[in-house]
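In order of appearance the chains are A, B, C and D, and numbering begins at 1 in each one.
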Amino acid sequence: MNSFADQLLVLVMLINLVMLGSSRLLFSIRAVAVQGAILGILPGLIHPFSGHLAAITVGIILIKGVLIPYLISDAVRKAHIRREVEPFIGYVPTLFLGAIFTALAFVFAEKLPLAPEHKELLFVPASIATLLAGFLILTTRKKAISQVIGYLVLENGIFIFGLLLTEAMPFMVEAGALLDLLVGIFVMGIVINQISQEFSSIDTSRLRALKEE
Amino acid sequence: MALVSEPMACLLFAAVLLALSGLPGLFLQRPVAAQWIAALVAVFASVLGAYAVIQLLGGTAGAVYQLDWPLPFGPAEFSVDHLSTLFLIPLFLVTGCVAIYSLSYWPAKEKNTAAKLTFFVGLFAAAMVVVLLARNGVLFLMAWEVMAVSAYFLLTTEQQDAQVQRSGTVYLVATHTGTMALFVLFSLLRSTSGSFLFPLPHALSAAFPAATIMMVAALIGFGGKAGLMPLHFWLPGAHANAPSHVSAMMSGLMLKMGVYGILRTISFFTEIPVWLGWLLLVLGAWSAVNGIALAASQRDLKRLLACSSIENIGIIFIGIGLALVGMQTASPILVTCGLFGAFIHIINHGLFKSLLFLGSGVLIHGTGSREIDRMGGLAKRMPATSLFFLIGSLAICGLPPLNGFVGELFLYVGAINDGIHAPLPLAALVAPVLALVGGLAVITFVKLYGIVFLGSPRTADAAHSHEAGGLMIGPMLVLAAGCLATGMAPLLLVKLAAPAVSWYAGIEGDLVSRTGQQVPFMPLTVMNSLLVVLALALAAGYLLRLSKLPRSTGPTWGCAYLAPTPRMQYTGSSFSEMVVNLFGALVAPLRRRPSLATFFPAVGTTFCYAATELVLDRVLTPIFSWIGLGFSYIRRLQHGQLHIYVLYIFATLFVLMIWAH
Amino acid sequence: MTDIIIHCLIALLLPPLLLGVITKTKAAFAGRVGAPFFQPYYDLLKLMRKGSVFSTTTTWVFKAGPLVTLAAILVAALLVPLGRHHAPISFQGDMVLFAYLFGLARFFTAIAALDTGSSFEGMGAAREVTFSCLTEPTLFIALITLARMSRSLQLSTLLTYPTPAIWLAAGASMLLLVVALFIVLLAENCRIPFDDPTTHLELTMIHEVMVLDHSGPAFGVILYGAALKLLVLGAIFINIALPVTTGNSYGDWLVFVVAMLVLSVLIGVVESVMARLRMVRIPQLLVGATILSAFAMLLVLR
Amino acid sequence: MLYALVLVPLTGALVAGLVPDNRLRPVVLPVVATIYLALSACLIMAPSAPSAGGWFWLDPLGKIVLLCVSILFTVCAYYGVGYLRYRQERSNRVLCIGLLICLAAMGLVTISQHLGLMWVAVEATSVSMAPLIYFNKNARSIEATWKYLLICSVGIALALLGLLFLAYSTYVAQKDATLLLSGLLGTARELNPGWLHAAVIFLLVGYGSKMGLAPLHTWKPDAYGEAPGMVGAMLAGGLVNCAFLAILRVYQICLASGSAELLFFQQVLVGMGLVSMAFAAVFMARQADFKRMLAYSSVEHVGILAIGLGLGKGALFGALFHLLNNGLTKGVLFLTSGNIHRSYGSKTTEVVKGVLTRLPWTGGLFMAGFIAITGSPPFSPFVSEYTIVSSAFIEGRYLVAGLFLLFLVIVFIGMALTVLPMVMGAPPDDVEPTEYRDSLLTVGPPLVALFLILLLGIWPPAFVIGLLRDGAALLGVQP
């Protein structure tokens, strides 16, 4: 089973790279959705079955895999935008950086003292790699939507780590986290709509009125 | 009655009364009545305080009040000793006079700012009383800052005026920076003595490095407030732009709080380092010479008085410096003379500087201007004021038979004694310095009195000016009488200062008579009265003679001009031009000449001549603008690009990770 | 007792004669007969009997000026020893009072001048106060030097202290002091090369300009005051420059009077052979005097 | 009783949502606020004990924050009634609801002893604040909202990761993984140091960005500058304190875990605190927008809080006290700045001049607030700041103390050069005053707040001092 989980985690990391490389927003959104869904499946693979676990699984798949992607793509549809404009750092360099970060994540994970039962799993490197990928997207993309996606990837990375603790931790934390994520994205969606009304584009590099000169 | 018998209680009660005196004005609907109430309360408080002071001088020991304070700074302790008493003497006198004076100088029925002004005047005076009584560092700081801030509100009474605003801002920044230095002082006091309470005199050793820092901090914090060079830059503007009775309080009283602070801080320590004495001496001499040189170059009546305050503070610090040097070289005569000189001058300056500022208030009231060169011939129009102003001027020049001479006499005697006995009489050089200062003071105040009051009016405003009402004359009369009385009978001043001196120098026994053998304040009475009698006799004889002889009147000989106008009179600027050139290095007057291509200047060309403020205009202002420029570069960090902001976050994360390993 | 009376008599009566001597000397140099020695006395008496003209601009200050000035100088005259005899009044630190009495005199002369509102007299007043502010430090350094030598703060002791022996011992510093004090003497009494008392109507004048508008008895008072000032400062000079004593008290008085007369002749000579300095040079000379006296002090310390 | 702290505001929010009338709706705020104040007063006075298996406990630290929040909210609520009168042009439904939800969330922060729950609550506060920043509904406000939302979300996400690390450190240490404070404090010594360290860093950065420590403060000037005055007050006095409470919890854990981690945490706090003060000092000089200036002042005071916490010992008392003082003083400043903004229709100092002349009360309060916030006696910020700096001297941290004072001076100069020209002088005659006038409801609340900080500065009530001492005791200061 664990080997399967590892393969899924590899998939997650691949999705990161795909997102770093792609310019089409809807595609990225779908990718995030897939990633979320995978995160939903993972706990079932590493932990023995329980009601709590089932609830988590369903919740994650629903929220990360369906609801949030829907919200974002809705916002995209409202704003009539197809693709990300040329980012601050080109796609290829970004991909390259992403690859490097992934490698670093593995190196870093080796150093961390893990619990024995997690030693051979890829959870830690995967989570760090995803975290860094999200950070890359956040800092390189111009569109507000892409930044939301980046934020989602970041959250996913955190979540992967959280999965290590799913059984050890009380159920309510994840629930709260999910809820927050949902609300946060919801509000972001609203804001993005407002932005698209105000500025006719969601290019955050336009949002530069507030600064010191 | 039990309360009255206890001086400390009287003082605290007086402080409370003063603080509350202006409160009715803020809420009462009838401003005039409120102002009267405030004035009467303030006068009553001053009388009460003065009574307490007399008791204390009489030898009654003040009680020690300790309130246990919820704040983590130890108990709030109030107590009074001879040093505080010394400073309380002028405080209550001037406060009382000012309270009356303000009634007609800043009448509530004409000025809508009167209520605010009255309130802050009361608060200001009360804060100063508490400053003198507080024995807990933090309590002191609180009173200190209340004093400083209320002074700010007082001097920005006419805040519509840009000049007032600027000087107010400069003052506030200066005083707050000084307060930061005091933060250091009292924190170090806490860390060395283990408590915020003031230690007993000479309880701390000055050997520690912390002690040195404390002294430097005190010098910055208190010296800045006292207007010691080069921290004087805030002073001229502040004093000039405040309402005159406020200037009187600021110059006559608030500057002394700085002196008090330094004296108090020094009193904590034993084996005071020798450099401190010399430093104070040098700074004092510098302030004295430079201050009076600045004063001589001023064209603004009140700026002139303000600069001469710097001079007088300098003289006071010369005295303190002499005393400290004397403590080091173990020459008691230097100590006593220095302390007596400083302390007597503290009282004197409180008297005559307040008198002069109140007088300047009358002038401004009458002529509506502060320009010396726009006045003239006012002696005919305001006889009483001119007489009091003359007395004040003579006193501030330190001329006999007035009180200013007494303080300087002590300093001279101390210096000359040092010149006689010390192996290397550097301190003796104080005497020629004081002589120079005295000469410059004569120039300055001859200019001030002569140009303002004598001759014929230079402007219509001056011509139509009028004498002030009794409410303004009365207080000036009191102060002038004080100057004359203490000048004729120096023993009075000596007796006032003696307790403080013996407390500070730790001298037992009959100090007064012992000093009497060294310093001629007893014969001085004889000489002064001789002088006065002679002058009166001559006057009598002269008038008798005049009455017998024919006399005619006519205009002044107009230097052969066909149509001489008052504008042709010698102005203040031309009067002091010569000496300003001599001391150009210290004063750096600003001259803007028109370029003369032909024989005659083009129409509309003007010659501008103004005194500048070296430290402020030539040093601080440029520095500030440079710093501002530097900051504007750093501000680019806030460029409004969201994704870089996110980068900041991760960078921080990264740095912290590195920091760990 | 007799000494006191003599002191007062000399102080009151001698001064005008000095002026007479000076003018006589200058006349002699000019090859004229010149006014009689006692002319100043006649002038004073005449002035006392003349009527006065007062400017409409003036106030009581104008009248008070000369009187206060004279009073101050008279009191100063009581403090300074004439010749080898102690002054009638003498106490620790009287030197300070002595110096400041002249300050008082100056103050009133100056404001009396300003009272007329004439730019001319204002100019004079400005110069007077400026220059004398430069002479004061010189005087004090000299006094401190003497005080250190004589270990006393009393004019009477420290001025009667110098003796031929001291001259032999500390000749250099004494000489410097004498020169410095002579400069001070000339400057304070408005003599050439600082000022020319004989001409009134030049823009270069100092003291005489200030008293332009005074007339009648007031002017007399001023003249007399000036003469007295010459005597007082001259006395200081002589006490240091000529420390000779005849065992006999009356002899000493005689010596002093003769010395004063000689001094006035000397001043007359200086006035005759020298020209006035340019206004800008005057401060330099005065500062020079200060430096001389400072040197003297340095030599004494060594 | 504890739960009421959350439920009362929520019901209030519900009511506010139901009230149709735009004029009537704001009245809900003071009603709820008064109840809330009374409630929290009872809770603060009463001795409290953990409940619900240790998930909820209003410990002294929580009490201090709750005290500040409830007072500040009450002040803002009453002010709001007066303020929203002048903002009838737009619906205030969202504003009222948001404020009340935020209040509920803040209440939850103060009472929750479970770090996960606390994290949820903190996140809730920031999310519920977003629409309030957007109240003005213009381009600038939307930009500010967006930046605020994204940066705070990223920060809070990092904090979550920190929590997970913390939990994992317990897991690795073979303890039953928990985020209950009591449990963590009990087992802190055995926790795996590596994971704990990582957790501390992430929590600090996460909550630090919420709190606005430089250089994580970038959202602050924008949000504070564009939000209405009362919202700014709640941000500066409420949310900041909630985030600081979270950091205090981390401090508790470090304290319990032994010296090494605590030392590191303190060093970092002092360092970031000084950086924040430096940033504030630099950015406040010549600041043309007085609301942004207040934002930077908030950055400065967050720095002061951090330094106080980092210095430990006696400074802790100062830090806790400053938490209270800063909140209330910021209340005064933001509310009055709101009035000024209303009256001049601008917040640039080129336009705003002569406030004392046009709005005597507001101008005076603003001036007093400025004097108070810059640490002048006799206002209470002086007491807390002076406690911090003097204890720095006592501990021999001369460099820290020196820099602290230096930055205070620079900040004062910068702030004075901005504030004094605003307050003084003659009002510009080309800008005609809007319909805004000083009224009891717009001036009274800040006046009350000012009076409170004056009281705290001169003679603070015994229970406050007791509370602060208990709080300091929780942070390891032997009373």
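Throughout what follows, a contact is a pair of C-beta atoms (placed from the backbone, for glycine too) under 8 Å apart; a residue touches a chain by one contact, two chains touch by 3 or more.
Note that the structure is predicted; figures quoted are calculated from it, not measured.
A comparison of C-alpha centroids places B closest to the centre of the full protein.
Chains joined by the most contact pairs: B-C. Chain B and chain D have centres, each the mean of its CA atoms, that are 43 Å apart. Note on chain placement: the centre of chain A and the centre of chain C lie 101 Å apart, centres being C-alpha means. Between the Cα centres of chain A and chain D there is a gap of 31 Å. If you average the CA atoms of chain B and of chain C, the two centres end up 36 Å from each other.
Touching two or more other chains at once are residues 146-147, 150, 154, 221, 283 of chain D. Contacts with at least two other chains are made by residues 138, 147, 204, 207-210, 212 of chain A. Residues of chain B in contact with at least two other chains: 635, 638, 642, 646.
Across the assembly, chains come into contact as A-B, A-D, B-C, B-D.
Only residues 635-636, 638-644, 646-647, 650 of chain B touch chain A when the two sit together in their complex.
Put simply, chain A touches chain D in their complex at residues 112-115, 131, 138, 144, 147, 151, 154-155, 158, 161-162, 164-165, 168-170, 172-173, 176-177, 179-180, 183-184, 187-188, 191, 194-195, 198-199, 204, 207-210, 212.
Of all residues in chain A, those touching chain B in their complex are 88, 135, 138-142, 147, 204-205, 207-213. Those residues of chain C that touch chain B in the shared complex are 48-59, 61, 63-64, 67-68, 70-72, 74-75, 78, 89, 91-97, 99-101, 103-104, 106-107, 110-111, 113-123, 125-127, 129-130, 132-134, 136-137, 139-141, 143-144, 147-148, 151-153, 212-213, 216-218, 221, 283, 290, 301. Chain contact summary for the complex, chain B toward chain D: residues 69-72, 138, 141-142, 144-146, 149, 156, 159-160, 162, 165, 168-169, 172-173, 176-177, 179-180, 183-184, 186-188, 190-191, 627-628, 631-632, 634-635, 637-638, 642, 645-646, 648-649, 651-653, 656-657, 659-660.
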